[in-house]
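Two complexes come next, and they have one chain in common, subunit A, joined by subunit B in the first and subunit C in the second.
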Partner chain A sequence: MVRKTSAIASATLALALMAGVTGATAQDASKTEPKTFTIGAHMPLTGSLARSGQAFNEGMQVAVKLCNAAAPKYQVKIDLIDDESTPAKAVSAVEKLASDGSVAIIGGYGSNIIGPASDASDKLGKVYITAGAVSDELTKRGLKTFFRINNNAGYQRGIATLIGDLKPEKVSIIASTKEAPALLAEGLEKDLAAKGIKVTVHKFDPAITDFKPIINKIKLQDKPDIIMMSAYENDYVGIIRAAKVLKPNVKLLVGTWSLATPKMYTEFPDLMNNVVGTSFLPFPVEVKSAEGKTFADTYKQMYNKDIEYLSTLSFVETMVLCDALFRAADNGTLEKGGLADEMRKTDRDSLLGRIQFDATGDNPNFSLSMGQHRNGKIILVSPKSAANGEIVYPGVPW
Partner chain B sequence: MTVTSATSVSAAIRRSGGRGMALGAGLVVLALLPLAAGASPYLLGLLISALILSGLALSWALLGNLGGMVSFGHAAFFGVGSYASALLAAKLGVPVLLAIPLGGVIATLSSLAMLPALRLSGPYFALAILAYAQIFRILATELDWLTGGAAGLQRYPGLPTLFGINLADRAGSYVLVLACVALFALVYVVLRKSHIGTALRAISDSEDATRVVGVNATLLKSWMLFLSAFIAGVFGALNAHIIGFLEPDYAFSGIWSVMPIIAAVFGGYRSVLGPIFGAVVIYLFDQVIAKSLIPVGHQILLGILLAVMVLLAPNGLSGLVARIFSKTAEKHHAGA
Partner chain C sequence: MTELILQALFSGVLIGGVYALVALGLALAFGAMRIINLAHGELVLLAAYMAYLVESRTGLDPYFAIPLALVVVGAASWALFLLVDKIQDHRELNSLILTFAIGIILTNAILLIFASDMRTTSSPALQDAVSLGDVFAMRGEIIAFVLSVVLMGVLWWWLKSSWYGRAVRAVSSNRNAARLMGINPARIETVSFLVAGALAAFAGVALYTMSVVQPATGHALTVKAFIITVLAGVGSIPGVFLGAVLLGVTEALTVTLASSALQELAGMVLFLLVLFLLPNGLFGARARRG
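On to the complex of A and B.
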């Protein structure tokens, strides 16, 4: 009986010791091993917007690499799903990412996608950040978990500042009827009219590829000083090509996103010279901040190319999210919905300027510079505080 | 027909009706399984999308099967239904559950404009309705005072709570969409078995011959167009209130014209259940299986599946299942 009791006691002691050892080992491990957080992301990786989704992904991956290098206590990984630019699939992606344990979601491209996806994210209590949707409606919904770093007002401000400084008499705006370009054109029409400039807007269906009838009308009827293009890459090419054929007597062609990029000059060198578009940085890239330099170097190392417009946007949004995530984790509020509060406390410099979020989750400081294509280089020409060269005006590609 | 044969026919109908009821009840139970098993919002979300597509495929197949018309423009009815319902709920304060069938009614009214095209047949009708869908997309973009233009609509009411069931959450939406699919499938079954269904099938075989025996083919085809437009409009409205966002490019997207055709052909558009199951199978295969195997570019697997299906079973999934069952029954009889 004694032998049996002592055997049980020995076994219990051994188990207790083992448990103690295991516990101690686990404790040691938790002291040394960083805690890993998963950030979910949905992007268009197939279809007509695949290039944009890919560029967004590249910026995110660089940001994650830098965040992980800077924070020994924490590690972040990205769980990326192709939303196929379809609202229902974007919503499903958000639900899947949330059920797989993502602590926050980085949104895709287009207000039609971001709207329903961020709604779903809000219902699941997950912070949602985007750099791919500029619709004003998104921030009017009163969602507590929605944040974005760029908006229509910022693009509008950048372009209106440039055109206002040039003091033209007349401006013709050629605008796609797609949501973001249509909103921008509407805002610019009001802004420029308020500056005493006569503005004519020509809307076009995104399906059209021949812009000669519009350019002809502008040439013969409007006779503007500046043609402003509120559109996308393929449209710019069609518009400038038509203008090069018909040669309207204008002094400048101005566009918006994805125009003042090295890629556009590489692919269409005969169309781009002197054309102006929104930009963050000149080309060759000259980054002044330490974070920007690290981003540019790491991006070059990972993808063997210079940083571009959309990757810069996604880099900034991911860095902002990581910062807030680590702060919430440090405070122990992550599990209690503290991430949204930390996002609201954001106040940092970035490649886009100062990032803060107002009560609606929008970044009120967002504003862009304007860059001009000049023989393969992009010179920042507006606003004066960011310019690294003088604008060529009049200056057209032909 | 003798009294004996008439009795045996009616008994056969009763038997087949009983079998149909049992099959229908079994399918509804099967469809409710995800709820009983506590499926995640993600899975329910996928099923909701698949069922929306099912409803649209059913509406397309009804027009093709009973009306003898191949439509490449169901996006028009889907889009009109979605905009109508969202606008009625947002601007006039119509309760959402009333706005949804009203969306279907307005889609039906919009299909009146298609009546002249009923004189056309085959590819000519298909092209006319394709153009029709484009006209509505452009109208939705241009009438920005009403539709919000290219920016679309974002702030309109979602699905409400009814008898304590929150229809806006995934489980509630799933039950609502499932009920709508079941209801319209039942309407389709009843219609097919009626004299009208017989006349319509005769029209699709030979319209001229049917006219000779006094059937008003144009009127019956018009009714099928209206019913098809109504169903498509209702599912468009449901989708709009579930997704919570509308813009012309999405509401009138070509996907709503092409996907129901693919789903109906895959499932077997000659049957009632074919389009429904076709939509569920292809959507879930694409989003769950293919996407997990090839996260980017998974559509290639769906393409291969469709090609294999068309080659091996031209009558679709329902035809394949029927063939397997009849072979099994033959073996069983031979064994007996």
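On to the complex of A and C.
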């Protein structure tokens, strides 16, 4: 009898619990569970561009964390594929991400990779955003789904303004034959020549490791006031090292992306002092906007380091995409191709300044400051409106 | 102009010396076993990262990493040989695929362990400029060149005069005949791979002291080493040195007299030219004629 009563009691309790759970679940569901969107991303996590890809991934992950924290109605999930620094892998990554249900694609690094990958994305009708491809050719294709936040023109403007203000007689440009640095060098050559500066360009194969023959040519034949490097991090190290050995009589070394970063100073302190590169933040980091401060704090928390150049670019592109995605979801246009329209309506401030997209998907407002390495700090020295210190000129690392 | 050409020649010879050091191990394995070790560049890279590890953790000069590099790269080379030795059929072709795959695994292992950042020596002594008259170089480059010449001499002497060296040449020449002479080919091949690994260890440490390394560097090193081995002719140690210096000087002169964008192209043109005119390489052909 006792056993029977106990069995009935247990069954009643179980039923009550089940009913409670079901009821609770139904109640939760009625509280509108956040809708989850998957954003696809392909980054060069391995291969020759792995360093850039990993920095990009970090910025993107921080942005997703902040997007999710700020939007109670929606959640974003990243589906990331390593494109191994190759265009073919990037194209197949885009196709896979689209077939797996990604609503948009965040592109990786390198104009030669982004080009075919964004073509594939356009054919599949997916919005594609990048911060790692500055070639002018990309925005001449008339793609309706392609967007980027930075471009060659912005880098060119930043460097040309600095060099123009310094009024040198001669400038030697050392440029990698890779697409983006080569285009930048061509644009700068025209800009500087228009300012009456004599420019010599030395293009080099990216496989080069010994830059002494080039620097010696510059030292003995060009005799410039400024050496400008349109290249990548490993090239900068080789070029500056060769210059340190041969000591050409120049007044300044100027470079482009990924040069005026705290990381470069930490890793190569003997090579970086007084070298100038494109930048948007001084170091120690002085972020004024609330979004920037949150980004810097979260980044520090997640990766135990200060924000860096490439991570900041990918942070901004991901935030822009999230904003547009949530707007399209709010308007109920996401399923009808409304994301591209919302991207075109973008008009927001960011760590890179104001972000808008023109008809080609380019950000016409993109412009960078120039930062000078100064004993572990990075001082913004140009343009004057953004400067937080005077440039050391003449100033070389040796 | 003379000053420019002198500097180009000097830089070319120095970089050629380092190319030779990188190519030696590949040339030895190719000469002794007809195995093109496509993971050789990654073994060199592994040694370079050992140098980074020792320098960054202890603050010692990177050359103090040589014992550690010898152990780590020697072990990796031995493991590689054990895998290659398992191949029963079409050894030359299958070993090519196997070593290529191992190269990819090594690259990604290095990427996982050491991250994708660039690494190079921070030793001011190795980066200091050294001038010889009107020409300049980094001290690290001079040391690497001297090391290359010394190792080349030691290897040449070992192959020519030691029992093991002669056995390597015998196995390379005719495996079955060598066996009939009481030589154990498997043992000799193990020794060849271990010596190739040791050479890769020295090359990697030297490379770290004068250049920038990152996980993707290994493949480029293998390609360069392969070009030099073919330029030299199979099994020729002096040929490796001369082929490497020829390549280095051609590249440097191309930069000086033409365009730096043509440097790699000039190297490949030289490679094709030698293949076309001397299909057995610079020294392979001479030996056969002799």
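Observations, loosely collected:
What we mean here is this: the second predicted complex is superposed on the first by the 368 of 398 C-alpha atoms of A that agree within 3 Å, B and C clash if a C-alpha of one lies under 4 Å from a C-alpha of the other, contacts with A are read in each partner's own complex, and residues count from 1 in each chain.
In this text, a contact is a pair of C-beta atoms (placed from the backbone, for glycine too) under 8 Å apart; a residue touches a chain by one contact, two chains touch by 3 or more.
Bear in mind that the values here come from a model prediction, so they are computed numbers and not experimental data.
In the superposed pair of complexes, A:R141 makes contact with subunit B only, with no contact to subunit C. After overlaying the two complexes on the shared chain, residue contacts for A:E95 are found with subunit B alone; subunit C is out of touch. When the two complexes are overlaid on their common chain A, residue A:G361 makes contact with neither subunit B nor subunit C.
In the superposed model, A:R51 lies in contact with subunit C only, and not with subunit B. Looking at the shared chain after the overlay, A:E267 reaches subunit C, while subunit B stays out of its contact range. In the superposition on chain A, A:V237 makes contact with subunit C only, not with subunit B.
Using the contact criterion defined above for the overlaid structures, shared-chain residue A:P213 touches subunit C, although it does not reach subunit B. Within the superposed three-chain model, A:G59 lies out of touch with both subunit B and subunit C [touch as defined at top]. Legend: residue contacts after superposition of the two complexes on their common chain; A:P224 is shown touching neither subunit B nor subunit C.
Residues 46, 177, 205 of subunit A are contacted both by subunit B in one complex and by subunit C in the other. On the side of subunit A, the complex with subunit B involves touching residues 45-46, 80-82, 86-89, 91-92, 95-96, 98-99, 111-112, 115-116, 119, 124, 135, 137-138, 140-141, 176-179, 181-183, 205-206.
If you check the complex, the residues on subunit A that touch subunit C are 46-48, 50-51, 53-54, 85, 177, 202-205, 207-210, 212-214, 216-217, 220-221, 233-234, 237-238, 241, 244-247, 263, 267-270. By the touch criterion stated above, subunit C contacts subunit A in their complex at residues 3-4, 7-8, 11, 15, 107-108, 111, 115-118, 120, 122, 124, 127, 129, 136-138, 211-212, 214-216, 220, 252, 255-256, 259-265. Remark: subunit B residues 40-42, 45-46, 49, 52, 138, 141-142, 149-152, 154-155, 170, 239, 243-245, 247, 249-250, 255, 287, 291, 295-299 touch subunit A in the complex.
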